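The following pair of complexes shares a single chain, chain A, combined with chain B in the former and chain C in the latter.
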Partner chain A sequence: MYLKIFVLRFSILGFILLIWEFSSSYLPQTFITPPSKVFPLLLTIWINLDFLGHLYVTIFSILLAFGLAAVSGLLLGLALGVWKMLRDVYEPLLSTFYAVPNVVWYPLLLLFLGLDIMSKIAFAYLLSFFPITLTTISAVVNVDKVLIRVAQSMGASKLTVFYKVIIPASLPTILSGLGTGLALCVTGVIVGEMLGGIYGLGVLIASAATLFETAHYFAYTIVVIIIALVVNYTSKVLERLSRGV
Partner chain B sequence: MYSHFIDIQNVSKIYVGKGNAVVALEDINFWVNKGEFFTIIGPSGCGKSTLLNLIAGLDRPSSGKIVLDGIEINGPCPDRVAVVFQDPALYNWRTLLSNVEFGLEIRGISKRERRERAIKYIRLVGLSGFEDKYPTQLSGGMKQRASIARALCLETEILLMDEPFGALDEQTRLLLGLELTRIWQETKKTIIFVTHSLLEAALLSDRILIMSARPGRVKNIVDVDIPRPRDPNSHAVNSIKASIWEEIKDEARKMMEASLQIVP
Partner chain C sequence: MQTRVLLIQIGTIIAIIVLWELLVYWRFADPLFLPSPSTIISSYSRIQNVALNSLLETFIKTLLAFSMGAGLGILIGIVIGSRPLLHEVLNPYVFGLYSVPRIVFLPLIILFLGIGSNSTIFYAVLHTILPVIIVVEGGVRNIDRRLILYASTLGATRLQLYSKVIIPAAMPSIMAALKLGIIFSLLGTLIAEMYLSLSGVGFLLQKLSYAFKSAEVFALTGVVASLAIVIVLVLSGINKKVVEKWL
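Moving on, here comes the complex of A and B:
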């Protein structure tokens, strides 16, 4: 069963690679570079210290932005989830902010924080903070009331109900919110770097594209895809673990 | 001085909403003896669950009082009263064993003692061997057994059960009902059992309180003098069923008509 899914999945991938390889011989080299030229490059960039420096900056920015967004989003989300009054006041503000396309703030962030990594971290933070907070709120609010009643009927205090019932019951949803947040941090940092920066994968991608270094462009893009795969896989595993299956 | 073990005195419950008030319970009076299997039956929506929540201390009456062994109830008293809800409400992130231990855990009882007690009650409800399973791996009937074990594990004198078998299929509910009789006889608890099933009421109870349609009032209290074990098909059980039905059918019809008026 798993083998079958695995084989089918990779045969699609192989098919795409074939089309890619085949079609590139009919198109100009500046438009598309065949996999047979991209993959050798993809193997050699890992010994290029300059590339590793850029990669390090990107990953560092992603993790820092995510760490900040996760901590502040969780705390605010839990607080708003538990206190109805706070939630009634602030949740509409949060959802409105979330609906604004965040990229409109980026010029402002560049102006205030400069071309260096701080503007990217702030942008990624903005992108992921809202979904993390809003998911945490709804996770807490949607905890089945009867689960809470059971604990109350056994004499549990509010604090006990919070950390023995509300936290574990909402954990799977909270983790899926964190997964979304992490994915958005990746987007935020790379888009930020592409729109204007000095270091990072996004800068490499943007400059490769401007200089028509198509092979490099594809190679860096594949690195981004690898990061996305790792992020996606990690959040899936965490979510599954928290459901106890 | 109160001579009754559980005494419900002039209890009313009114829910006040926006611009209207719903009288859920009106002037309820009855008592339950120690060691009795007492059943509350009534049409859906008559307030029987509300009444049980009041006795559990999870909610407060609008007027009147509920007295337990001479002391008025004004909050959950987990060392005397345990509750089994209609929804098994197990914690999916805990194993069966750890679910059953939960009440003892929040009471700060040592790991060794709560394990011993939990295992004892898991055996009593017939779930030995499933201690390390998670709720998602159990069937509906097994989940409800687990939730009964969790309540029994508190070792209270009183067990309140709010339609505990309501979500189960008929065969499972019949079997669990008979097992509940055995557990009740073994543990000598006082049980207040809420149901809408005539058969369950006739099969399990010492006395049956019949509630009227909303607002919920005490319509009648029926004694069931049938020796146990009771046979679900016996004439005695059937005649009790028939007499409850006789009293309850008009109430059920009233509730149904009232709900039809609300729908359009």
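Moving on, here comes the complex of A and C:
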């Protein structure tokens, strides 16, 4: 069974690559570049210092935005999760704000912060702050009340209950929220860079496509896909580990 | 209690607006970048005509993308969800594609379909279909296996199994997927319009922003955001009614 699934999975990938290779011999080179030309390029772009600089800017923006969103989202989420009054008032506001298609804020951020990386960081922050906060709130709210009651009846103070019961019990859900947040940071930075920027992978992708350098477009796109998959996989592993413990 | 919560919510929003107005009034913020709420409201009349046209156009594109993306997504979700082998094989691709920022495919779509509504709608369909597939698939997979077993022991055909058991049982998740789908298709349409297009709200927003008309950008952003909120609230209401009726 596992072997069959494995074989089928890889045969789909092989099938896609084959179609890509064959279709590109019938279409003009500006439209599509065959994998046999993209993958060699993918190996050689790493010695290009210019590319490494753009890659560095993108990864730096992603990590900075995620760090800011994680710290503020966790703090706000824990606060709203613990205080019922605050939660009743502000959780509906937060989730309403979250429902707005996030890209509408981007032109405003461009106006405020300019084409440089600050607008991308702010946009990615905005994208990941809300899911992190909302997931943290629901994680804290859904902690088993019996656990809290038992700890209290054994004489635990409020602070002890918070550190020894609420945090450990809500950790898996919080981590999954952080995983979503990190993935959204990647999306936010790439979207921001592609919609208008100076440095970064998104800028490279957009300019390669505009200049009809299709081989470069494919290579940069594959780099972004790899980054996204690595982020996704890491957050899944972390979440699984925290559920196991 | 309920009214008190509502009062505090409204109070918070009013306090933010007043603070904002005062910040600009006392020149703590440069009105060139941060126009005051009163200027924003008065600037709306200047862009009203073009804004309404763009909104209508974006709305039509969104609905087209939504109907195609959600329809296909529900179909694919039901098929993948009801076949364990298909789920095992395709799951990494669906989730992988979902975790990749889909905007990286937009230049390729534009290369093939040209600048304009076609590429915008295609991108929005791509944007809608993945979350819909994931939600519907999850819903179908979580159906109580016994229901399917009972129906098939009583001699239900494959078609009856889908129409009488699987689809009704997955209805709450299909409704949730529809709600998610409309937000994602609006998001996809806006992103594609902002990236490269000739019309629509996204295009207008980007153009106003590059022309540094900050009050107009604020006004249009406010209109789009509030429309999206209204759509989501209405859908949540419908969703709740349907789910209540269903359960």
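In this text, the second predicted complex is superposed on the first by the 236 of 245 C-alpha atoms of A that agree within 3 Å, B and C clash if a C-alpha of one lies under 4 Å from a C-alpha of the other, contacts with A are read in each partner's own complex, and residues count from 1 in each chain.
Just so it is clear, a residue touches a chain if its C-beta (ideal position, glycine included) is under 8 Å from a C-beta of that chain, and two chains touch if they have at least 3 such contacts.
Nothing here was measured: the structure is a model prediction, and the numbers come from that model.
Looking at the shared chain after the overlay, A:P168 reaches chain B, while chain C stays out of its contact range. Using the contact criterion defined above for the overlaid structures, shared-chain residue A:M118 touches neither chain B nor chain C, since it reaches no partner.
Applying the stated contact rule after C-alpha superposition, one finds that A:I12 touches chain C and leaves chain B untouched.
Within the superposed three-chain model, A:L63 lies out of touch with both chain B and chain C [touch as defined at top]. By the document's definition of touching, of the two partners only chain B reaches A:G155; chain C does not. By the touch criterion stated above, A:I225 is placed in contact with chain C alone, chain B being left untouched. Of the two partner chains, neither chain B nor chain C is touched by A:A79.
Set against each other, chain B and chain C differ in how many residues of chain A they touch, and the higher count belongs to C.
By the touch criterion defined above, A:V141 reaches neither chain B nor chain C.
Chain A has no residue lying at the interface with chain B in one structure and with chain C in the other. Residues of chain B that touch chain A in their complex: 56-58, 76-79, 81-83, 85, 87, 89, 91-93, 102-103, 105-107, 134, 136, 150, 154. Put simply, chain A touches chain B in their complex at residues 144, 146-147, 149-156, 160, 164-165, 168-169, 171, 242-245. Chain C makes touch with chain A in their complex at residues 5, 8-9, 12-13, 33-34, 85, 88-90, 92-93, 95-96, 99-101, 103-108, 110-112, 183, 186-187, 190-191, 194-195, 202, 205-206, 208-209, 212, 214, 217-218, 221, 224-225, 228-229, 232-233. If you check the complex, the residues on chain A that touch chain C are 4-5, 8-9, 12, 30-32, 88-90, 92-93, 96, 99-108, 110-112, 183, 186-187, 190-191, 194-196, 202, 205-206, 208-210, 214, 217, 221, 224-225, 228-229, 231-232.
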